[in-house]
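Two complexes, one shared chain (subunit A), two partners (subunit B, subunit C).
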Partner chain A sequence: MPEVKLDGVTKRYGKVTAVDRLDLVVRDGEILTLLGPSGCGKTTTLRCIAGFVVPDEGRIFLGEEEVTRLPPEKRDIGFVFQNYALWPHMTVFQNLAFGLQLRRTPKEEIGKRVREVLSLVRLSGMEDRYPRQLSGGQQQRVALARALVLRPRVLLLDEPLSNLDAKLREEMRFEIRELQRQLGITAIYVTHDQAEALVLSDRIAVLNEGRLVQLGTPEEIYQRPANRFVAGFIGLSSFVEARVASVEADGATLETEDGVRFRVPKGSLAEGQTIVLAIRPEHVEILAAPSEELENVFQAEVLRAAYLGNSIDCRLRLGKWELRTQLPPGKIPSPGEKLWIRLPPEKLILVEA
Partner chain B sequence: MGTKWRRALLEGLLLCLVFFVIFGPISSLLIWSIAIRWYWPHVLPQEIGLAYWKQALGLQRDWAIAAVSIWGAFGTSMLVALVSTALVMTMAIPAGYALARFRVPLKALILLLFLMPKAFPQQPIFVNLLPTFTRWGLAGTVQGVILIHILVCLIFGVWITTSAFKAIPQELEEAARSVGATRWRTFWKVLLPLAAPGLLVSTVFVFITSLTEFTGTFFIGLPFVTTLPMLLYSSSGYNMQFASVIAIVLLIPSLLFMVLIQRVFRPEYMGGIAG
Partner chain C sequence: MKGLRGGTGGFLPLFLLLPAVAFILVMYVYPFALSIIRSFTDEAGSLSLVNYHKAVSLYGRDILFSIQVAVLGTLISTGLSLALAAYIRLSDSRVARLVNSMSRLGIFLPYVVVAQMMRSFLAPHGLLNVLLANMGLVDIDTPLQLFNIRGLTFGFLWKETPFITFIVLSGLQVIDDTYIEAARSVGARTRHVILRILLPMIKPTIAIAVVLTFCTIVSTFTLPYMIVAGNPTTVTVDIAHRVTYFGDYRVASALGVFLYLIVGAMAIYYLRRTVREEVYGY
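After this line comes the complex of A and B, so read on.
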């Protein structure tokens, strides 16, 4: 399996730049997710790699071969579409066999490979069904099988799970991950669903407005978001803007314009600098009583709380800032109630303003 | 199982109603075509017989019956309609595909251009065309009539074909490309089978339009080219029997096509295009 390399790929539609000088290397055998809000250029990027769209600038490589202007049928890629795009006039067998027939594969071999891949996606015995006779989940697996049966160099998936219901979607995430590992195929997966990206990626490329914002493993992206956009897009975050009031040997002190002071690790902060604190819900600790020894202990006011079954989603007010947190199930706090909270300095995420 | 019976009864009644609405008006044609004598105030003809049919089909020649053999006109009509339809569709299918799939410059203008012959009263256009056709030696010839039919029918061909192709999701084509099919292969193996019902409708429409076209044929074809509608118009009014015979003959192709369409519209095709 070759690696996929994008070198300064740019695609414009009229005045809109869908993809803006994108450099990206997808490693051999990994599954990389292009993650971003709608309109961030992730689908256009994938379509450039597939050959459905020719970039205005830049080059695309599959392994050593440059494919920038190669038509899609010569790229040897597998593509899974959001709406599955199964051919309605062909049976499941015919859908899977079409590509093999084009390659003049012998008949017995076609039969063998179709059966093999159908058992891989757990659809054995469905050969003679028409797509409309299958459920959404089954159609989705046929679409996957159709891409895999050709043993392509790269598997491209364009939001393949977004038409499925929540439960099935969660199952399929693992299934796709499992298949990709098992086959060792290089895969590029487009999604706007951060949970999906975190579960099934080796690495995630976060895109915004056609540009690569951050590239890293799910842990890196989640724990060390490169900027406010990433911190906001992946995982829930509350943001607090502050100025670096002082830098000492053992850390730094931030102060918001309304006088709330935070202790944070020193890092490379400089006095006077403005910074944004991103606070994850799970990093807000609830204390039974105020504490003198601990840092960053505040009294916050409950704005509203919503019961979620396994937890309570709670909005707190700290100064003029709103913090979101999750409380363990139990008594639901009422608005106006005061809680003692602690924000452990080492867990606070600092991003550029 | 009372509901089942009631449902069957309702369906039966509905079918009868549909049958009546479609074939009720036509039944009067049938009666007229076999009426030998039918004077007011009689509800049904006083004398019926197949004389007009026999005469029209060339099975007898009786000067007392005001009808001539329709075979010549029928042959001309079929020839013109088949050739026009074939030529229109060979233009309309690629044109429709291009208009549906590519960003054609001046697309609106091109579609408008096709619409033009229909946007103006027909007569002035054909009268205006007559000198040109005469200069090209096409007036009064079958070729000229075919050309004028193409002009009249192209609009239906292109518009219906365009929407037939447009209705097919682009991803179905891209999926074919991604598994290794060239654009050409994709067109034959994916697009054409899926567009077939729409293309068939378009073909039928064009064929029927050509078969029943009168105005253009009249201006360009006169006096040498006689099609069934020409014969029909010249006998209608004073000779209801002969006109009815021709009208029924003109209906036959439509009925045949209806049966054909019903066979082609397979539910597997139509369902689940979008998944």
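After this line comes the complex of A and C, so read on.
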């Protein structure tokens, strides 16, 4: 399977720049997710790769071949649409066989390949059904099968799970991941659902306003977000703005404008620098009593708490800042209650202000 | 609520429906029934097939001519419309947008205006022959004779093609782009997209457009009356001729029944298609 390379791809719609000088390499056999909020340019990027949209600038390569202006029917790319786009007048078999017929594949071969791929997506025996006779999940599998039956060079998936209910969506994430691994196909997946991106991807490309903000493995993106946008978009984060008050050999001290002081690893901080602390809910530790031996221990006030079944979502006030944490199920704290919390220095994420 | 559902005020809905029902009864059902009865009645008022015998012997050729014009006009205008609608749907060019706007003009012109236009356009020394003569394609002393089936079909094409295009295009525009993109992503070229995806997806719409066009052509009087000189002509002209010059409503009614049968067959097909679409969604 070839790698996919985007070299300075730009697409404008009137005065709006949907994709802005995007450089990206999708490695052979990996599944890369384009992740970002609505309007960030992820679908436009995918459509440029598929050939449905021609970029205004830049080049797109599939392996060694430049395909920037090649029409979609000549790209040998499989595409799974958000609405599945199964042709309603064709049966499942006909939907899958259409592309093979266009390639003048012999009848026996078509039958064999359609059956193979239907068995792969666990839809054997559904050949004669029409799309309207299938459930949403089954339609989604047929759409995937239709893209795979042609053995394309690259598989593109545009929010394929967004029309499914939450439970099915969760199941399908793993199925798509498993299939992609099994076939070793290079895949690009578009979603705005961070959980989906974290589960599915070898690497994630976070886009915002048409630009690539960060590219990395799910762990890298989650644990070391490049900026405040990524920290806020991937996972939950509370943000605290602070100034570097002092830098010592064993760490640095940050101070907020309302006098809250944090110890953090030194890193490459310089005195006087303004920085943003991103604090994940799971990194807020609740202490039974204050401890003088530990760093970053604070007394916080409960603003509100909500029962979530397997945890309690709790908003705390620390100085003028609001922190979010998740407590184990048990007694739900009341607003105004005081809690001792600890923010382990090594868990605090520092991003540019 | 009780009254509306047919309780003590059960007559109110019927009363409200009365004007519409009366209108249909007086303006459609009564003349329709009367013409059928008349067609089976001889001069003495007895039941007879003499009017049908006369209609077939005098106008059999015209009945076939009417069907021929309707089939030809419907087929050609449908073919042209499908090509035009597909082009407008798939192309984003200025030409396509211009064709789209222009293709709608003909819908709003009444047949009598079209007929008058066609008379001057298709005449032996009309615009078409003069243009062709200037291009060296026709000798102006022996111009194309178009006041016959060719001219009549051309007139129907001019009038009906925009109508079918409009209906077909409405059907095509409802189809989401992703169906087209899905086809292209599996290797379909434009012709495959049109013939294998778009047109099959709007088959019911096309069928309805074809039925409506066929019925319009069969029942139009003005265009054949003003275009076709002499024999053969269409049944609608024959009916007018029979009434105007002979005051013979019985044979005219028999001819009318032939039209009912032709149009009725198509109407049944149309209704069955519509019901199937509403019930089963295809």
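As a convention for this text, the second predicted complex is superposed on the first by the 353 of 353 C-alpha atoms of A that agree within 3 Å, B and C clash if a C-alpha of one lies under 4 Å from a C-alpha of the other, contacts with A are read in each partner's own complex, and residues count from 1 in each chain.
What we mean here is this: contacts are C-beta pairs under 8 Å (C-beta built on N, C-alpha and C of every residue); 3 or more make two chains touch, one makes a residue touch a chain.
If you're wondering where the values come from, they're calculated on a predicted model, not measured in any experiment.
S.K.: Superpose on subunit A as described above, then tell me if subunit B and subunit C fit or clash.
M.R.: clash
S.K.: Should A:N163 be classified as contacting the first partner (subunit B), the second (subunit C), both, or neither?
M.R.: first
S.K.: Who does A:F52 touch here: subunit B (first), subunit C (second), both, or neither?
M.R.: Both partners, subunit B and subunit C.
S.K.: Considering only touches as defined above, state whether A:L150 meets subunit B (first), subunit C (second), both or neither.
M.R.: So A:L150 meets both subunit B and subunit C here.
S.K.: State whether A:G99 touches subunit B only (first), subunit C only (second), both chains, or neither.
M.R.: It touches subunit B and subunit C both.
S.K.: Counting only touches as set out at the top, which of subunit B and subunit C does A:H89 meet: first, second, both, neither?
M.R.: both
S.K.: For A:G136, using the defined touch cut-off, is the partner it touches subunit B, subunit C, both, or neither? Pick first, second, both or neither.
M.R.: A:G136 contacts subunit B only, not subunit C.
S.K.: Return first, second, both or neither, reflecting whether A:F81 touches subunit B, subunit C, both chains, or no partner chain.
M.R.: In the superposition, A:F81 touches subunit B and subunit C alike.
S.K.: Which parts of subunit A are touched by subunit B and by subunit C alike?
M.R.: 50-52, 71-74, 77-79, 81, 83, 85-89, 98-99, 102-103, 132, 146-147, 150
S.K.: Give the list of subunit A residues in touch with subunit C in this complex.
M.R.: 50-52, 71-75, 77-79, 81-83, 85-89, 98-99, 102-103, 132, 146-147, 150
S.K.: Touching residues of subunit A toward subunit B in the complex: what are they?
M.R.: Contact set of subunit A toward subunit B: 50-52, 71-74, 76-79, 81, 83-89, 98-99, 102-103, 130-132, 136, 139, 146-147, 150, 163.
S.K.: Considering the complex alone, what residue numbers of subunit C touch subunit A?
M.R.: My answer: residues 176, 178-179, 181-189, 192, 196-197, 200-201, 203, 281-282.
S.K.: Residue numbers of subunit B touching subunit A in their complex, please.
M.R.: 169, 171-172, 174-183, 185, 189-190, 193-194, 268-275
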